[in-house]
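Just passing along the structure, written as C-alpha cells.
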Amino acid sequence: MAEQYPILVLLVLLFGALLVGLSGMADRRVCFPLTVTALGLAVAVSIGILQRVMDGGVIRYFVGGWSRPVGIGIELRIDTINALVLLTVTTVGLLTAIFSFRRVRDDKTEKTPLFYVLYLLLIMGLSGMVITGDAFNLYVLLEVSSLTSYALIAMGKSKRAATAAFSYIIMGTIGASFYLLGVGYLYLRTGTLNMMEIHQAILALDGPSSTIVVAFVLIIVGLMIKMAFFPLFGWLPNAYSYCPSSTSCVVAPLMTKVGVYVMVRMMLTVFGTEWVFSNLQYTQWLVGMAVVAILAGSVMALAQVELKKMFCYLIVAEVGYMVGGAWMANHWGMVGTIYHIMGDAFMTLCMFLAAGIFLKQAGVVRIDQLDGMFRKMPWTMAGFVVGALAMIGIPPTCGFFSKLYLIRGGMESGHWFYVGALLISSLVNAVLFFRIFEIAYFGKNPAEGHAAHHEEPSVQPVIKEAHPSSLIPLYLTAAIILLLGLFNGQIVELIEHSLNGVQVIGTEILVEKGGQG
Amino acid sequence: MKWIGLIAVIFTGGLLLSAMDDFPNWGDAHSPANSSPVSQYYIEQTMTDSGVPNMVTAVLADYRGYDTMFETVVVLIAGIAIMAILRVAKQVPGGAKPTPAHEVGDQHDIIIGTTCRLLIPVLQLFALYVIAHGHHSPGGGFQGGVILGASFILAAIAKGLDPALQRLPEKRYVKLAFVGVVIYVSFGVACLILGENFLDYGVLHELLPTMSAEEARSHSMLGVEIGVAFTVSMIMFAIYANLASKGELEGGL
Amino acid sequence: MIPEVIQTYTPLWACLSALAAVVPMLILRRETALREGITFLAGFVMLGFVISMVPEVLAGKVLECTLVQLTADVPIKFRVDGLGMLFALVASSLWIVTSLYSVGYMRGLKEHSQTRFFVFFAVSLTATMGVAFAGNLLTLYLFYEMLSLATWPLVTHHQDKEARGGGRKYLTYLLGTSVGFALPALIFCYVKASATGLEFSAAGFLAGTGIEGTAALVLLLLFTFGFSKAGLMPFHSWLPGAMVAPTPVSALLHAVAVVKVGVFCIIRVFTGVFGLEFLKELDIAIVISWVAAFTVITSSLIALTQDNLKRRLAFSTIGQLAYIILGVSLLEDRAVMGSMTHIAMHAVGKITLFMCAGAIFVATGKKYVSQMDGLGRKMPLTFAAFTIGALSVIGLPPTGGLISKFYLVTGAMDANQPWLVTVFLVSTLLNAAYLLPIGYRAFFPKDRQLSSQPFSWKSTVEAPWACVLPLCVTSCLAMLLFVKPQLLLKLASLMVSDAG
Amino acid sequence: MSVMGSFIISQYVLDHFNFWVAVILMMIGLYAMITKNNLIKKLIGMSIFQTAIILFYVSAGVKEGATIPILEHHAAETEQVAAGDAGAEHGSVVGADHDVSKSSEKAPAHEVHEINPDDYSNPLPHVLMLTAIVVGVATLGVALAVAQVIYKNYGTLEEDEILAKIKAAENDG
C-alpha cells in the first residue's frame, strides 16, 4: 500500500468531498467529522510520503501504470521539497477545518455541505499541484483550486465579497491562461508535458530558442498573477479580506504559497537552473522587483486600518521575500525560499486564525477595535503573539530562520538592496505588530497617571474567550511555528537533499556571477 | 485605462509573436510536438494497448485519465460553486407558495411544446449514442453529457423551470452529479485494490475471467465515460437552473 | 590552552528553573503567598544550580551542552566559562534579593496585575541566564531578543500613557538596533564562518576568515551598537525612558539584567567573536574606546543636571556601562578583567541605589532629589545603604567598586592611553559630584530647622521590611566584595588567561 | 515588395498564419478583459481569450494531409458489432479528403501495426483542449453566477457605477 501513497492523499480528499456531498445533504452534522477525518488521513499519508522520501529518495508514481515511454501517462513525482510542501498544505487544511467547527452550528443557509465539498476539493487541488510531475496536469489542478477558491470567496456575506471574487476570477483566469499558453509554447518546442522530459528536451536543444524564452516569461508572469507578486497583486487584499474567516484562513496561507512553490518547481525541474540563470542580468530584474514588492507591501500594510487588510499586504511583502530569494541565483536564497514557503504558510495561518477569532468573538474589523484584548482574550492573544513574533522574525520562530537563510543568500550573491529591504520589512513588521500589542495592552486611551488603576479592575471583561475548537488550531499553529524554527536544521537538510540531487545551484559559481551582476 | 490596456495588450501580443520564427510551420508533421515519441506512441500503440481506435478517447480516458478525472471534478466544482454562490434558501412563509401564473401549458405555445416533446427523446437518444460510441467516433462522456444536459435545459426552456424541476429535482441532480465522479473514481480505486496503480485498467480483467487486459481497458474507458456523462449532464442542468432563476429554483426565465 | 570540556545539562536546568516556575505561578495566581513562595523557590534552585557549577569552572574546565541543531551548522548550545559564570552568579543571586524587594514594593503600593509581573520577571531571568550561558552567537542573539520582549510588559507595567511612551521608546531602540544592526552582523558572521558553528572561543571564530580593514570595523560597530542594551551613546535614550517601570524592574532589569546583558554581549563579541589577539592585529577597537569615553563623560554631565532620582541613576548607569565597554576595548588583560569584575561590582552598587530610590518612594512618595533634604534622619538605614552603594559606584573604599576601577585604570595605563586614564579619573570626580551630595544632604540638610532636630529611632519611617532588608543585604555585599573579591577575579582571570 | 519582403512575410506570417490568428484573437479577448467596463463584456473577452488558446493548441497538432486521430479499424473480433457503422463513417470521410490512407476498407487486424503516424493528426492537443474547454465553461459559469450576485447587490453591471456605489457606501458607514 505504501507505494500508493501519492495517489492516496488525493483520493482520501476526493472521497471525503464526495461523501460530504452525498451524505451532507441528508444531515449536515456529518459534514464536519467527515471533513476532519479526510484531512486527518491526508495528513497521515503526507507524513508517510515524507518518511518514504526520506528513506528511499524521489518517488515516481505513474498513474495508470504508463511508465514507458515517459510522458505518455501522467507522473506524480515527489522529492523532499514537494513532500514538505504537501505536508504543509494538508496540515493547514486540517487546522482550518477544525477551526471551521462552529460554522456548522451558526450556518442558517444550509450551504454547509457545499462549503465543505469545495473546501476539501480546494485542498485536493493544491495537494495535487504540489505532487504532480506533469505540466498540464498542474494546470488542471490549478483550475480546480482556483475555481473552488473563487466560490469560497464569493460565499462571503459581505456585499463586496462578490465584487472581490469577480476581479479575482478575471485576474486568476488571465494568470491561468498565461500558464496554459506557456505550457503550449513548451509543448510546441519539446513535444512532451512531463516536467522531467521537458527539462531533458530543453537541455538537448541546440542553441537558444525564443519559444522557450517566451514560454518561460508566460509561465512566470501567469504564476506571478496567481501569487500576487508586486504590480499584479491588486486582486488579493479585497479577495482575502471580505471572505468568511474559515475561507481566508485556508486561502490566504496556501494559494500564494503554492504559487511560489510552482514557480520554484518550474525553475528547478522544468527549465532547470542552468537555463534559468544563464542570463543573470535579466533575472536580476526580478530580484529588484522583489525589493520593490517587499517595500511596497510593508508600506501599504502600515497604511491599513483594517486588520485583515493589513495581513493581506503583509502577504504581498512575504511573496516578495520568496520571489527575491528564489531569483537571486544562490543556494541559500533558494533554501530560504522553500523553507519560507512552509514557515510563511503557518505564520499567515496564525494571523488569519487570530483575526477570525477576533471577528467572531468581538466583531473586530479595524485594528483600533482590539483595545484591551490582552485582558479580554488572553488565550487568543497568546497564540497571536507567537505568530506576530514569527512575522517580525524573532528567534526561535521559523520567521527568524527563513530570514537568516534569505539574507545569507542575499549577502553571498551580493544583493544588498534585497538584504536591506528584508531588514526594513522586519522593522516595519515590528512596528505593525507592536502597534497592535500596544492597543491590545494599553487600550485606546490609556490613563494619564497610573494611580487610577492600581487596584484589580472592578469591571469584568465583557468578551468571552474563544471556543476550544478555535483555540486548538491556533495553538497547534503556534506550536508548529516554534517547531519549524527549532528543527529548521533538519528541514533545511531535507530541502538541500533535493537541491543537491538536481545538482543545480552551485554556490561558488553563482557567487562569481552574482558579483559581476 | 484604455490606453494602458492597449499598451499592455500590444506588448503581450508582441511577446507572443516574437517567438514566431522558432515555431513549426502550419501542418508540419515533423514539428517537435507532432513527431515526439509521446504523440507517436499514442498513434501507433493505442490499438494494441486497448483496441480503441479513437485515440482522443484513449488518451483522454486511459493514458491521461488522471487529468480527465480532475476535469470531471472541475465540472462538479462549477456546479457546486454556482449553487454555493447563488442558491437562496426557499422562503416558505405560509407553507404553500402561490401558484405561478405560468403553469404548464398556460402561456406556452403549443408548437414549442409539441416540437420539444418530439425533439427531446431524440436528443437524449443521440446523447447516449455519442457517449457509447466515443470509442469509435468523435464523442464521449463530455460531449454526450452536454447533449444530455442540453435536452433537460431545452425542456426547462420550453415548459418552464418548475415542471423540469419536478422531473429532475435539485436533490436528485446533485446526487447524480456526485455519483458520476464516484463512478469514475471507483474504476481507479478498483485497480488500486487489485494491486496495480490507480487507473491502471488492465488489471480489471481479473474481475471477469473471459476478458483480456485490452478489453478491460476498453470497457473501463466506457465506464468512466458514463461517469463523466452523469456529472456533466447534471451539472449543465444545475448551472442553467440556478442561473436562470437567480438561485431560487422557481419560475425561471 | 584548550580547556577541558565537560558535557552536562546543569546550565539548561539553571536556565529552565525560572521558566518552570511560570506554570505553577499561573495556576496559583489567586494565592499570592504561594505564588511568591514559588518565585523564591525557583530563585534558590537556580542559584543552587549555578553554584554547583562553580568549582568546575574555577578548576579551569568548561561545561557544555548542545540542545537542538538549529541550522545545519549552528546548534542551540550552552557553554559555561568564567565570564558566563561570573554573570550568572551575579544575576541569579540578585534575583532572589530583588524578588524579596518586589514583594515588598508591589504589596506596599497595591499594584495591579502582580501575577503577570512575576511571570515575566521569571521569563526575563531565564533569558538572562540563557545569555550568560550561551555557547554561540546565535544562542546569544536568541536569548537577547527574548529578553527584550519579556521585559516589555514589565517596563510598561502601569499601562498608562507615560508607560506606553517609555515602552515604545524601549522597543524601538532595542528591537530596532538588534534587527537593524546586530542581526545583519550575525548573518554576516554566519556567511563568513558558519563552519565554526559561530562558537565563542578565546581566539575568536572570526580570526582567520580574512575579515579586515573597513569591513571588520563596520562589523564591530554593528555589533557594539546592535546590542544597544549596553546603552552606548547615541543609542542610550531608551534607558532613562524605561524608568517609568516599577522600581524593582528598574533595579533588577535596568541596573542589572538588561543593561548588563548588553555589555556582556559586547564583551562576548570582543573576547569570543573577534578575540583579543585578532582585534589587536586589526587595530580598530580604539574607535569603540573613544565612543565609550565620550559616553562616560557626557552621561556623567547629564546626570549632574537631573533632579529625578531614578533618571539620575539611569544616566549614571549609562556612564558605568561605558566604563565596561571602554575597559574591554582597551584589549589589555587587566582592563578586560576590570571590565568583567565591574559587571558584578556595579551591579551590586547600582541595585542598592535603585532599591533605595524605590524604598524612598514607597515610604514617602518622593521622587526628586531636591525633596530629599533631611530624609536621612527619617530613613537612616536606607540612606546609609544608599551612601555605600554610591561609594561603590564611584569606586571608593570600603566597597568592591574600587577593585574593578583599579583594574580598569591600570589597564588603561598598560594600553598606553593617557587620555583615557584621564577620562576615568575625571568621570570618577563627576560620579562623586552627582551621587555624594544626595546622601550628604539627606543626613545634613541645609535647612537648619531640619538638621537641628534630634535623631531618634522612633521617628523613622522606613519602608516595609521586605524593601529594606534587600538593600541592606546588597550594601553589605558591596562591602564584602571589597574584602573578598577573589572569586570574581579568579573567574575573570580565567577568561584572560584563555585569551593570552 | 522585394524578394526579401515576401520571404519575411512567408516565414513570419503565412507559414504561421494559425498562430497569428490565435494571437490576434487572444489579444482581442485580453483587451476586453482589461478595459471593458461592463462585467459581462469582460466575460465575453475571457471566453474569446480561452477559445483562442484552444485554437492555438489544436492548430499546432495539425499535420498536412493527415486525418482526424481515429484509426482506420474494423477487425478486432470483439468489436464486430460496432465496426459496421463506425467504419463506414470514417472510411468515407478519409477517402473523400485524402488518399494517404493505405489501408483498405476491410483491413485485417494485423494491419494495425503498420500505422504511419503522419497519417493522423496529433491527438494530444485535442485531449488537452477538451480539458481546457471544460475548464473554460466552468469558469464562465462561476463568473456568471458571481456577476448575478453583483447585480443583485448593486443593481448594475457597469464597473464604474459599482465602484461609485462602493465608495458611497464606505463614506456612509
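We just call them A, B, C and D in the order they show up, numbering each chain from 1.
Basically, contacts are C-beta pairs under 8 Å (C-beta built on N, C-alpha and C of every residue); 3 or more make two chains touch, one makes a residue touch a chain.
Nothing here was measured: the structure is a model prediction, and the numbers come from that model.
S.K.: Please give the groups of chains connected via touching, computed with chain A left out.
M.R.: No chain A: B, D | C.
S.K.: Could you let me know which interface, A-D or B-D, is made of more C-beta pairs in contact?
M.R.: Top pair by contacting C-beta pairs is B-D.
S.K.: What is the distance, in whole Å, between the centres of chain B and chain D, each centre taken as the mean of its C-alpha atoms?
M.R.: Computed from C-alpha means, the inter-chain centre distance equals 16 Å.
S.K.: Approximately how many whole Å separate the CA-defined centres of chain C and chain D?
M.R.: Taking the average C-alpha coordinate of chain C and of chain D, the gap between them is 75 Å.
S.K.: Averaging only over C-alpha atoms, locate the centres of chain A and chain D and give their separation in whole Å.
M.R.: It comes to 33 Å between the two C-alpha centres.
S.K.: Pull out every residue in chain D that's touching 2 or more other chains.
M.R.: In chain D, 26, 30, 60, 124-125, 131, 135, 138-139, 142, 145-146, 149 touch at least two other chains.
S.K.: Can you pull out the residues of chain A that are in contact with at least two other chains?
M.R.: If we look for residues of chain A contacting two or more partner chains, we find 136, 140, 143, 147, 150-151, 154, 162, 181, 187-188, 193.
S.K.: Touching pairs of chains, all of them, please.
M.R.: Here the touching chain pairs work out to A-B, A-C, A-D, B-D.
S.K.: Would you tell me which residues of chain A are touching chain C in their complex?
M.R.: Contact set of chain A toward chain C: 389, 392-396, 401, 403-405, 407-408, 411-412, 419, 423, 426-427, 430, 434, 438, 441-443, 446-450, 452-457, 485-490, 492-493, 496.
S.K.: Touching chain B in the complex: which residues of chain D?
M.R.: Residues 11-12, 15-20, 23-24, 26-27, 30-31, 34-35, 59-66, 68-73, 76, 78-79, 82-83, 86, 89-90, 112-113, 115, 117-118, 120-127, 130-131, 133-135, 137-139, 141-142, 144-146, 148-149, 152.
S.K.: Any idea which chain D residues touch chain A in the complex?
M.R.: Interface residues on the chain D side: 26, 30, 33, 39, 42, 46, 49-50, 53, 56-57, 60, 124-125, 128, 131-132, 135, 138-139, 142-143, 145-147, 149-150, 153-154, 162, 166, 169.
S.K.: Help me check something: in the complex, which residues belonging to chain A touch chain D?
M.R.: 136, 140, 143, 146-147, 150-151, 154, 159-160, 162-163, 165-166, 169-170, 173-174, 177, 180-181, 184, 187-188, 193
S.K.: State the interface residues of chain B toward chain D in the complex, per the touch definition above.
M.R.: Touch list, chain B to chain D: 1-2, 4-6, 8-10, 12-13, 16-17, 20-21, 23-29, 31, 33-35, 38-40, 42-44, 46-48, 51, 53-56, 58-60, 64, 67-68, 71, 74-75, 77-79, 81-82, 85-86, 133, 135-138, 142, 215, 239, 242-243, 246-247.
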